[in-house]
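Per-chain residue numbering starts at 1, and chain names A, B, C, D and E are given in the order in which the chains are listed.
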């Protein structure tokens, strides 16, 4: 049993746009894992649907040789996150493991962080979420149901990271690469998404991050996102 | 001995004051009561005022307090901010500026209240003000009373009242 | 039978506890349906983990089901007022409605990991007081964030908000 | 401090008296039952299961944790700690899902805890199609059902119609034996999304029984002709995984994908080159490519002469005109096919046209030309079923409307004919007796006289032979969650019915199915019982299996012909292409809220599907994105919001199938429009499959305001930069 | 040099103090009406707390809308009071005398309303005390790097400074009033007048204090509205993150402040019959100031929009385009007309500048400035960088009720103030009776 790893993890993700088919299995998996509130036709029309990860479409060219690029967008857990300095109560901050944590019970709901996020990946609980009985039985006990008036966003499934870390600690070993997988990465049929520790150069995500095809979304804003998109095509 | 005289016009008051000053009475023995601020020629009744000093003092005090407060919270008040810096340069600047200004305002107001003796007023009760007249009061030893009375009459005082200080 | 948070409506008196919790309130004796004597059981050689079985594996410490109590109480120690009540519950196949003594407010959204603390060799009494001397468990130690943090600081444990609120 | 306490503070503060911990209001303590089996709070268990949402039969693992449920026992509110399913994920050991799952698989958990699930047997009170029922007990329900079946058997067993899903499982075996016991014809499907055309074509071209397996992960050039394999054709997760591997799985090699479909589908958007073929032009395209292969001697030398002459005699010019693609593009595709090392042609009909069978046959034949049968990266035969009995009992498509006309008794098991072929609604209304085993009151079971509700798929035992699997597979699941309501598994109900009718019926549990498998491999297990336990724990049994890759072509190439369309070109100028949406399939997934609010892969629309129109047609009738339009076809008209799809083929209007249910739970009822209502009731002659793509429509603009709810609509960007 | 000899006729004092003694029935009708609307606003807020922010029109990506626009608007209005009275006091402008107290009163009341609005826009307002750095057992602290907390400190300081700036010159008046009123008003005035006896020492101290306070309040006022502007400028939202937001907001603040002042002066003049005290001269000067600020405002607006139009950065340009050509165009162009074209037409020609026209311009400017704040907040948010997250916002009755209630609260506070305290400082006025 190797001794426990000393260097803290720095979680990151690589999404291979050449593999992504835009089938939105990740969107459904995220709903299943993180107790996202159900939207209704009315609340969706008012722009209040919750999708912590969404697939953006960028069309290039015109019919007949038109192409579309699918772009899964989720919280990029930026190292220089614009949403962190503006929160007046430290409800969102950057923890040692490189995650941009949203502390639900600390948030007072000024929503400044959502304005400042260039990726528009933050969602606000305008109402108390409600699930008609017996759908509440499906709620994941590892994840808190956010009350009304609180901001929420993708957490890289911090509950799965926490559970894996506790298991590794119990067996006093370090986390293996690929042992922790957020719900979206786990469910992606085309295996386009890879999650891992960027501090560990041997991990698959680090190798993909250094590959020639890797770029980062709106990197010029200086947010230093931690999701690497691998270019589509040759 | 306290002498109070009532004057109907601003000029007579000014004449009386200049006469008293000519007689060599010091400025802080003389006090003028009126419903409206009377403009006196320069140096006639100069009142040393420390309000601007108080303002600067207030600003300095609140400035040091704020920075001390910030360093105290930064270093030994163990705050849980998830490793985020508690304070950054610019933000401290803005917040300190505001609190310094608050300190200055506090300084000014406190100095005003103290100098105007608006909170605690000892000594003889002020004369009952009338709408359109001013009262001049002077505190002088017994022997110089006649000289003061003469100055008042020359300036045209209406009625002069003598009181003994009731300590 | 541990968490009954979802049906725990916020009545006025609970709010009173909430406020008095902020003040230095003495130990509030929780009124339990059965006067369970911890001291007697410990005296018999039982250890905490024998009834709270999942304390070293899961986040929740777990409370024994009435079935476990009946393992012994159906064979010996069948007398005594408490045991009679226990038999009633067991016959109706109903769990004993234990009153929660230690609880973080639901709004605090704290995920307390018993297991992690047991692995870190934290004694039960640091947080729950001398339960083996008590009959019914009393609120001996007020679980405030300040107390948790100071202890975490002493032992150089994590201060990451996501450690408890995630 | 919580919001309600804030109000209380204001209340009490104004009341002046904040008393703290006194006035111990008697809190009503709800008793808690002792759970049957030990459930540890916070611990998670993973149980293998199988996903029944579509025919693919992906193996899944299900996360079970503790949850608390309030029920009434007698006259008392009682709480019980039950094992509840929290999430479904792919079973890493299963060759079909490989640990992955599509959106429908993930959302299946909502079907288990759906608020509108039927909670006990129901008897119809209102008129047919109204959907008003009253609860009855199981005994009386079974009595009524038995009498209905007896009456139908006495009259004419041949006129009993049993509609079920196209699946080879222990249930299909039970249904088959039940119908055999009654002397009734075998079960059939609704004819929508059951891929009968692909099966028939494989039979004709290769002589294989079942769907061919395309080894695209080893291919370096894939031409998919009409098969939207990434978007809901046959086995989306299986082919998506292989597509991912084809693209970036092999260091240094990147497979090319060319997709030909009459719509910019998901496969079209992931392809390197999309061939916008005219609706019904797939046959022409296949024959044209075959012609170029043969005449440009790119095909294999030892191709059967009949086949070679067949392709050689194709009228290339006319084929090019019918396909609507430039000739040079067809030649280029043929050249790529000929020159690439391991090409493969995936033939399918996601959108069924009247000539789809011929098109699939011609496209499959291209594989013969290129000699790709059984070779690496080519097409391999379907593995012979692990349990023959299951495979034989698979329901086949037969002309639904003709069968229903003379139906004496209609039995519905997870089939929704009224939605799949709306024309069948009239026939159902006339049917003497209808019994439904559906778990929800959907469009068809609203017509049923009696509903004997089935368990939710996650509550019932299931053993499934997946449609498309590389090795011999049998995926199974033990029930590991207590049924929530007073429902019974359909197999068990059929067994009880047959018992009442005096005919014994043997139902296979997963245990028995795995024991049958044991015969095949005695090697490393001592007895069948232990082997079955192992399979149950694993979630199924999968073995490598070699198989004879010979193909005995005994067919002659179909003639080039255009597809017929209902509606004249003058009065109905636009082609109408309804297509099975990835998230709703044939409409059976519409009742799940997660799928309703899932942004549609094509238009990112939520809670309602738009009709996709190309920018030129839209601007011609002055239509802006999101406005309501009415589509009129010879068979009816529907209204839906318009989505100006930048990549739609001019003159071809497409709409996803899934919305427009009259009854299907609170999330799907009266939501959106069902495109199949205006699809012409044409069927494919040989297979009886519903040719829902063979319709022409006319479009009228309705309202001005934007009624389309899109989550992330990007097509506005081009307008932005025009200025 | 005014001499005490020409004791001004008692009419001046009686007229200025007439509203304090009795209040007509029309006054009470107005007060109750305003109170009803304010109650409606509070009820709407209560309903929003109970139900959640969803009942307002907020959505993703427009997370800030009416309440934040109102907040900037009311903090803007508050600047006119102090700025004008402070500047005029520092420059010894004679004509300021009757204007200062009314202006200071506007400041204090507008600030009160402006300070409540951030509470209304909070998602969980019952936890607002977490924004205040109070020592707590949980060792938690507000994040002073957030512009929202700069707002908190700035508005807190500004509220205290401007209330004191209003209160100090009130003391002499209250001392005189104490002798002339009866009952509870007497006790109130005596309490507030502290130990004022009219000694020249006190006059001298008051004079010195007000001079210094004017300078400090001026500095605070400018800093407050810059900080409010930095709420937006610090964010990297396109068309928020621009360097001229600080001065642009300060100019906007003075501009809308003067307009508010003109409206208040006009209404005081009409309802309290202060025609002889608020003479056309005052309105003429205020009109000139309004024109000056209008020009400054259009200068800043053009500066901002021209640079964005010329640069054509895609992110900024999409917001610009929606503002100039797109769905926000009607608001933008009506704003430009209301804020620049109307004042410029009416005020630049001397002959046209009368009390009526200045008031009309003031009303249009106020409306225009509210639209400007609404545009800045909502337009930039509705077009974030990613086109996939664009979204159109539309208010609901809750926001409209609360915005209306904020205007009516201002009138209600002003009605009560005019009833309790003299709107024009008697001692200040007589000091220059013939100036």
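One rule holds for everything that comes next: a residue touches a chain if its C-beta (ideal position, glycine included) is under 8 Å from a C-beta of that chain, and two chains touch if they have at least 3 such contacts.
Everything numeric here is computed off the predicted structure, so don't read it as measured data.
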Between A-D and C-E, the pair with more C-beta contacts: A-D
So, comparing each chain's Cα centre against the centre of all protein Cα atoms, which one is closest? A
Farthest chain from chain B by C-alpha centroid distance is chain D
How big is the gap, in whole Å, between where the Cα atoms of chain C centre and where those of chain D centre? 49
Computed distance of Cα centres, chain C from chain A, in Å: 35
For chain A and chain B, what's the span in angstrom between their mean Cα positions? 64
When the centre of a chain is set as the mean of its C-alpha atoms, what distance in Å lies between chain A and chain E? 43
By the touch definition above, chain E meets two or more other chains at residues 124, 127, 138-141, 143, 145-146, 149, 386, 388-389
Among the residues of chain D, which ones contact at least 2 other chains? 1-3, 42, 604, 711-712, 714, 717
Pull out every residue in chain A that's touching 2 or more other chains. 54, 56-57, 85, 90, 93, 95-96, 101, 106, 147-149
In their shared complex, at which residues does chain A touch chain D? 16, 18-25, 27-29, 31-33, 38-41, 44-45, 49, 51, 54-59, 62-68, 70, 132-141, 147-149, 183, 186-192, 230, 233-234
Of all residues in chain C, which touch chain A in the complex? 57, 107-109, 111, 113, 115-116, 119, 158, 160-162, 165-166
Where on chain B is chain E touching in the complex? 7-11, 13, 31-40, 45, 47, 49, 51-52, 55, 70, 73, 77-81, 84-88, 91-92, 94-95, 97-99, 101-102, 104-105, 108-109, 111-113, 115-121, 126, 129, 131-134
What does chain E use to touch chain D in their complex? 49-50, 124, 126-127, 314, 318, 321, 325, 386-390
Going by the contact rule set out above, which residues of chain D touch chain E in the complex? 1, 3, 6-7, 604, 711-714, 716-717, 720-721, 723
